[in-house]
């Protein structure tokens, strides 16, 4: 198939960007979206033009590195996939496709479609962990039974890949779904209990510092999340936050 | 936002019950009695000052939130696919809220302001309990304070005739349309707002979510609809 | 005779006591001194993140580098199936010794006994540590941890978190690392690529790295450097590795004196989604855990295979009697759960014989129909449905299978647009893991003093074939429990050294060389893209140094790669500038190193005149097509010393002594 691409080109964080139009031909159904861009880029290099910079790594939907907004939707039109898992069979010959970076002030564009998601790392550093040093002598893994239901819910929350689609989809650029997934994982497990209050307060504080917007429960984040992280996690985060705020010293 | 929002929602219900008195064909007796009660009862008076404060708080916080959230994305998307992942109402709470705020201002100046500080005629209602259907109404002047006397045989109420004011207002089709449209704004605002408030308070459980959702729909549809019926009914009568 | 350049430093004493004895005798660095010591960790996968976190917890000042935008993205995240540990929670007779034995045997007797035993020993602590960190492993209804089986073993010792075990473990290590970054004990350099190691007076004292955002070339000094940079499967262009996975860090270390060990030992994973087109950029693995329940087959009749390839027949139309469940046929005792190398070769054998089932003829079926039926019947019985119809059974069984493998099935369907609940999956082997890597001693130190290698980047534990769910185990063992102890032995001498100056001439020279390479690449301005070279290299490697190798083919490949490399440096086209985010330049730097490594891999394969594990030389096979080892002549680790040209590398041998295990022909029959 033949496609018209409108792609955001921006040299670096300081410069302004714009949408540029490209044509690609000989795209087949079984190509992934990123392979389609590979084809475009190989053509651009041949013509001595700079290829479109985009983040990608594992190309199997788990590393969370790929990050574009396709026709207004983070990770494109299909549900529950990352851009690398999106296949060209979702498009038709002659389509025009708009490709933009994840947009949020908290995710500055580094180049073209590449954005800086360091804010997520810093939120994690603020409290997204259990303070346990490595030692060969932690208690036996089976010493504390965990109800299967809780373990499963914690796992579902923990499958967040930190891609930032939630922020990109949210009209407020809110990072609540991301933060809530981490807070939920630990809140649901006995291992996370000792630092429960401190964790949620610190992570939320850091989130606010990074310039993400507030959550207004539009639900766009969960709808676009490639890992289908549930809004229940945001409610849990709210719960954790309220109870920690009331009882903290 | 959630607590103030839920408080305002509960106020809407109370307000609606009062307003439904307007539909009674009793020359405004019930409604005016209700107005007296609402403006003289010390507890209600205190609550109503709280209510004004909460309306202002809800509006100021809401607008600040909308403005702050707007600032989080300087470069906008070329393509907006918001409809595919979220409900229109949820993305426009600020606009809906602003419309509602404008409505409240007009509404307050129409009724609350003129009732409190404007020139409103006084009415005296006399009811013999032996024959409650028969309400005796007369216009009186020179009164400065409402009176409600209930004896064993009859009740005498002297009150400002807010009912008349309402009737006059709703004889104007422009006002009727404005009120009805404003109720739509409330409908959309509640459509998202009610359930959203619970989510913000951390109340989200697969077992109770359907209940919250249905209650939200009832609130969002029935309450504004009932409010909207009043001006239309009064206009038609 | 072991080369005198290779001192494996294996502690004396009985196997089971070596590690505890060694830990007790290894030199310690006191906490105050640790604060004065810098350690660089390159790579933030399981090995790197766990090492960085643990070293920082101990008090060392750590600098961590990754080329991704966040440490959490390292490719360990993609590991699906699980992590082995000798916990014996299932009471099926597992023990440290059995895990050790299975690993040595699985590796076809080409790994070091002492290292593997240590790995098995610390495996249980890994699970304890991860659970304490809040890793949500799968649990049973009673709240205790669940296990599953993997290939090459007869016990259930694999801990898992659905099909995302690697992700959960890496996020655990990442969170431990994040905690130390927050405390200031680790300084993180993301979007940085290591482009050289720096040696001062024969010791590794730092690295040169490129900031991939600004293009700046930076000097970073330290008292020791640990390379945790993963494997080099991407030398084959198409592999299950991430797009960015590369050999550059390891290769630069090799060129500075670190020996490369067993570079030809590559694992070809049997269950991957087959190649579909020319522009395919990577291959996707379907977890080995699927072989717990999936049955692998091809049509028994050539005409059926032909009809399927032409789209005239569907797999579901092939009668049971006309199917060849070739693994069950050839290996009745392990069946579909034979080790990876065996399963891969068996698939290739069938496809080469003309029984392949997709258009390219390179695919076999992985079928869940009987599992669905089996589970469905159990469910129906449990529900008391006496006369359940076939449809009901299938419906119930589908639900069970969905619970177990739902996300994998979903992933398969997304990629292929086929529904694996209804029609069998098509799979084919693909490059997945490299057992070979930088040679290290028992302390994980390379032949360069102060330079360490952990995880997939080293060669140490898997011999010629890695067992499923052992990569995660090894990465975390090295990072959490081995390196942090053993590095003290070396650093104890450095407590008085003080900060290493980044102005030393060695840094200057290394930086200059890196800059020159970059300028060279940018100035060639040839006519072919980096990817086109990479694709051609991959084809040579896959054809001649893949699942089956011959002397003739390898010799041809060495000549071809050498010519391709020459062509690359003459005709490659790299757009853009040095001082910007330049993805083409990043790729070119990586491919340049792959073009050297490929040649060494072929040389190693050519030298090893035997078949073992993933290394299958067609000349050396048993009459029924199994790998034929030669323990008399090849029970050694080949460690290659760089001397200026990959083809002129000098081979050093480390003899493998098996004192606790009797070498036998590996049999899974």
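The chains carry the letters A, B and C, assigned in the order they are written, with residues numbered from 1 in each.
Rule of thumb we're sticking to: a residue touches a chain if its C-beta (ideal position, glycine included) is under 8 Å from a C-beta of that chain, and two chains touch if they have at least 3 such contacts.
Not measured: the values here are computed from a predicted model.
Engineer: Following contacts chain by chain, what is the lowest number of steps it takes to reach chain C starting at chain B?
Structural biologist: So the least number of steps between the two chains is 2.
Engineer: Using the touch rule stated at the top, which two chains are linked by the largest number of C-beta contacts?
Structural biologist: Per chain pair, the contact count peaks at A-C.
Engineer: So the centre of each chain is just the mean of its C-alpha atoms; given that, what is the distance between chain B and chain C in Å?
Structural biologist: Computed from C-alpha means, the inter-chain centre distance equals 67 Å.
Engineer: Using mean CA coordinates as chain centres, what's the gap between chain A and chain B in Å?
Structural biologist: Here chain A and chain B have centroids separated by 42 Å.
Engineer: When the centre of a chain is set as the mean of its C-alpha atoms, what distance in Å lies between chain A and chain C?
Structural biologist: Centre-to-centre distance between chain A and chain C: 26 Å.
Engineer: Using the touch definition from the top, list the residues of chain B that touch chain A in their complex.
Structural biologist: 65, 68-69, 71-82, 84-87, 90-91, 93, 192, 195-196, 199-206
Engineer: Which of the residues in chain A end up touching chain C in this complex?
Structural biologist: Going by the criterion above, the answer is residues 11-12, 28, 30-32, 34-35, 38-39, 42, 44-46, 48-51, 53, 55-65, 78, 80-81, 85, 87, 89, 110-111, 114, 116-118, 120-121, 124-142, 145-148, 151-152, 154-155, 158-159, 161-162, 185-186, 189, 191-192.
Engineer: Of all residues in chain C, which touch chain A in the complex?
Structural biologist: Per the stated touch rule, the residues are 50, 53-54, 57, 68-75, 77-78, 87, 89, 122, 125, 127-145, 161-162, 164, 166-168, 171, 174-176, 178-179, 181-182, 188, 190, 213, 240, 242-244, 276-277, 279-282, 284-285, 410-411, 414-417, 480-481, 484, 529, 531-532, 573, 575-576, 580-581, 583-584.
Engineer: Within the complex, which stretch of chain A touches chain B?
Structural biologist: Interface residues on the chain A side: 6, 8, 17, 19, 69, 71-73, 98, 100, 103-106, 169, 171-174, 211-220, 223-224, 231-232, 234-242.
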